[in-house]
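The following blocks contain the structures, represented as structure tokens.
First chain A sits with chain B, and in the next complex the same chain sits with chain C.
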Partner chain A sequence: MKNSLHTLLKLTNFELERLSKFLFTLMGLTLLINLAGYIYTPTQYMGRINEYLTQNSATADEAVKAFGHFSFYTVTNTLWIGGPIALGISGLLFYSVFIWYREWFGKNTFAYRLLMLPVSRMTLYFSKFIVIFIGIFSLIATQMVSLFIGYPIVSAIIESPYFRELSLIESIQMNPLFLFFFPLDFGYFVIVNGVGFVVLLVLFTVILMERSFGVKGIVLGIVYSLIALAAVLLPLFLPDLLNNRYLLYGSELMIIETILLTTVGVLSLFMSRHLINKKITV
Partner chain B sequence: MIELKNVHKSFGRKQVLNGISFTANKGEITCLVGVNGVGKTTILNAIMNLTPVKKGEITIDGETMSPAMYNKVAFIPDVAIMLPQMTVHEAMDFMKDYYSSWNCKRAKEIVRFFRLNMTDRISDLSKGNQAKVNLLMGLALDVDYVLMDEPFSGIDIFTREQITDVFSSRLVEDRGVLITTHEIQDIEHLLDKVVLLDDGVIYKEFNAEEMRETEGKSVVDVMREVYNG
Partner chain C sequence: MSKYIKSISLLLFITASLTGFGLYKAQASSPHPELKIVTSEGKPEHIEPIQTLGFVSDSQMPTQSSTVKLENGDFSYFEDLPFLQRLDFSFDPKINDLINDHRSFMRGKSRLPEHYTETEQHIIYTGMESDLHWNHHSSNQMIIAVLDKGSEKEETYSVSLGASGPFYSIRATSIDYPLLSVVVEDFSSSDAAETLVYTFDIENPAEGVTNVVNLTEETERNARIRLGLHYDNTERFITFQTVRQTAVSNYDYTEEISGYYAYDTQAHEVIDIQSFEDIETLLFTDNDTLYVGKALNEAIELYQIDLTGEEMSLISTIEMASPSILHETENYNGLFNQNLSILDGKFYAYGYEYTEDIGRPLFQVTDIETQETLFQGTIEPKDTSKRESTTINLFELQIDPENN
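What follows is the complex of A and B.
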């Protein structure tokens, strides 16, 4: 047990080293684009305000009436922040696929070496899985750090009559995208990450199906992921489908969803174990 | 002893192995011969659990393949299998990290034998030197069996001579070697057993030396008889 854990840590560290360049690029881009947004958006706003004031000899109150107040939320609601988040999601989604296929289609066929390591192949699987989650949390942390850096920058650029004081927490609470990625409620945090876990488990299963059965595996994978998706989404749409809004209480829905997500996750894990141990081919 | 019993394997509708049974013993060099696409590489991959078989049984000293067995059997494929950005030294460190059977002393000996430079990146090496690195990764393991797939494929004559020397050196002494090659004439004199494959089945299994002594035929002669009719 101690040995397996040690091997898992070694392999995870090895995978992390391979991810690092890509991850640091994503983190750097996130910070850079965010920073540009923290400067560009309020500067542009102040430019419009100043132009208005000069052209119309208006007062600050009149300018606020015309353009509205500027709060930190104004920046976080732009593409300068949403863009890097989308970039991070698509980047890590791409890496979740790449993390497997590079072993087969890289310059050298490293899949041979990895599959011949004297360790359980599930250790290999988990090392890749953990690394993706390290990537996700690193990007979330970068985004959070960026928000802390951004707040004083924005408040320094916007002159006080035009600035609406909103705390960082309030800015996060107002933004549905942030609420999804940085849930302030622990229960919601568990759900969001649980869904992420299951999505990754299903994706890995689909990849292993393809690596095991080729074209047939792709078809199988698509069918499996559609069934999994339908199973998880069905209770959410059931009240609408049956025209009965009161079919399920919120707590009941939560329990059903937890059971379904756990079932899909465990099933994917077992299928992946079978595939990587018995069916995968170099 | 590596033992295959009635092994079947197909790729789609194409039946590649159709009831293959043979053994490869420790201390002997067994060679799988046959034309391209006859299933030689598939057999080695199947032994290493790198491709699943449809039917049949493969055992190594009576046990089926498990992760722990990779410390007992080494496979040297005909493609580079370490990360190209690794240096030879880093590749050796990687092996040392994961394989309890990695023998550092022997690894250094092989590096000297092949005149490899430890600081060279694998991607910068010639095909011949990449083949040597592959051999290094397999032969430096203290294993009972070594499987080699086309070790002479696409390499120059001098590297080929160096690799041939490996077979008569103590690097493979006492081990069971199972090899596939088209360059049979280079190692024919070193072989103990030859397994001739044709159309997914074993056409003939014979002792190379006995064949030479009793029938006066080389392995290539036997192959000509089979494949040229």
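What follows is the complex of A and C.
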């Protein structure tokens, strides 16, 4: 047990080393684009205000009436913040596929060396899985830190008559995007991460199916993911199947969904174990 | 150890950020403004029967709003409820209470408050199959379910209304136990919907429903029927008004109230009520009594109808907290006077008090007999200086008869 845990740590560290350049680029881009947004958006607003004041000889109150107040929420609601989040999601989704295929599609088929290691192949599987989640949480943490840096910058650029005093947490809680990615609401946070967890397990299973059976594996993988999707979505159609919209309460539907997601996740894990141990040959 | 430096740094970074964020969130105040009841007259406990739901938003950021609930004089935000409770939450106070207290009975039943009546011993649900799923849109089956609160025993009956095919809509229900009165809108007629009253004897269910009165025929064929909103549904009368709609263009029409009526659930008769000329007429019912209100500028004169001679006698003149309450009477969803009602001798009114373009919900509770103002006040943010652009708009209101 201690030995396999040590191997898992070593392999995770190895995978993290390989991810690091890509991850640090994503983290850097997030910080950089966010920072540009923290400076550009309020500067542009103040520019418009100043232009209005000089052109119309207006007072600050009149300018506020014309342009409204500026708050940190205004910045969090722009593409300067939303863009890097979307980039991070798509980047890590891409890397979730790449993390497996890179072993086969190199100059040297590194997969052979990895799979021949005298450790359980599932340790390799788990190391890749953990690394993706470390990547996800690193980006979430970067976004959090970025907001803490951005708040004083925006407050400093906007002159007080035009600044709407919304606290940082108020600005964050008002943005629905953060409701899903930040632990603002424990229920939502667990659901989003739980769904992401299962999606990644299914994705890994599909990749291993393809690696095991080639083109047939792709078809098998698509069929498997469609069945998994249908199983998870089935409770949402129960009211239509039973001709009654009120038979199940929302909380009960959520519990059923959780059970089904767990089932799909566990099933994917066992299938992956079977495939990686028995079907992928070196 | 040095080869693990990146991994350890990343894990520390994640842990520190999430912990820091968690601590910051824990010490930060709620994003939803704290609200308070400002009593200008009377005692705040008289507002306790009022249950209401409203949106709290900021006039500068109108798309961002939270849902506030006022119950027993306390405010709570929907967003602060535990996750699973939020999923079961109904945006109607009456339905919400029924789900909380009788979860099993409410399973599989529609979520419209007019489908439920309650006595001390029973809860009666009356709904069409079409209310449960669109697949049943042409079903003529009415489901009546009776829950004995003491034994938790439920009896369900399925009865048919006329021919299948047309759409039936249950508009109101009223109970004079064991006789249930159900007001149904029947869309089978090609020109206009008809409103009929059916009765059902809960103690003798074998006979099914009986069509006792066709309100459309008894009043005005080409007019729409708008029902008075009652919070108790055990009153003897069901009040209604007839409304003539005249098209002024393809997209617009005007409305004219052509008559005021009450259906007597005991005598099964329609009572024609005289309206006031050139002055807005309001119609109320409470227990066994019918009231007509004359909406003056800053007061309402309440007249009680003598059922023997159908004459009216002035019983009370109530000064209103704001003249706008009487003339802002709300009519939507086929109902009228949603913001004014009488329950167990108390006159409840709500509207908005405007100061510098910001409206604050205003409530008034008055004893009809003594004309004493039991409560008058507004709902406002606690910190008005920071929250001057906070707006509160109520969208559901219920007066809890058991708490009255």
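One rule holds for everything that comes next: the second predicted complex is superposed on the first by the 269 of 282 C-alpha atoms of A that agree within 3 Å, B and C clash if a C-alpha of one lies under 4 Å from a C-alpha of the other, contacts with A are read in each partner's own complex, and residues count from 1 in each chain.
Please note the rule applied: contacts are C-beta pairs under 8 Å (C-beta built on N, C-alpha and C of every residue); 3 or more make two chains touch, one makes a residue touch a chain.
Please read all numbers here as calculations on a predicted model, not as lab measurements.
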Overlay on chain A: chain C relative to chain B, clash or fit: fit
Partner chain in contact with A:F237 - chain B first, chain C second, else both or neither: neither
Partner chain in contact with A:E170 - chain B first, chain C second, else both or neither: second
Which of chain B and chain C A:F94 touches, first, second, both or neither: neither
First, second, both or neither for A:L253, with chain B first and chain C second: second
First, second, both or neither for A:F105, with chain B first and chain C second: neither
Contacts of A:V119 with chain B and chain C, given as first, second, both or neither: first
When both partners are placed on the shared chain, which of chain B and chain C touches more of chain A: C
Lowest C-alpha to C-alpha distance for chain C against chain B (Å): 12
Chain B and chain C footprints on chain A, overlapping residues: none
Chain A to chain C touching residues, read off their complex: 9, 12-13, 16-17, 20, 23, 68-69, 73, 134, 137-138, 140-142, 144-145, 164-165, 167-170, 173-174, 182-188, 239-240, 243-247, 249-251, 253-254
List of chain A residues in touch with chain B within their complex: 7, 10, 14, 106-110, 112-113, 115-121, 212, 278-282
Residue ranges of chain B touching chain A (in the complex, touch as defined): 45, 48-52, 67-71, 75, 77, 79-84, 94, 97-101, 122-123, 137
Contact footprint of chain A on chain C as seen in their complex: 3-4, 6-7, 10-11, 13-14, 16-18, 20-22, 24-25, 28-29, 31, 60-61, 64, 82-88, 99, 103, 106-111, 132-133, 135-136, 386
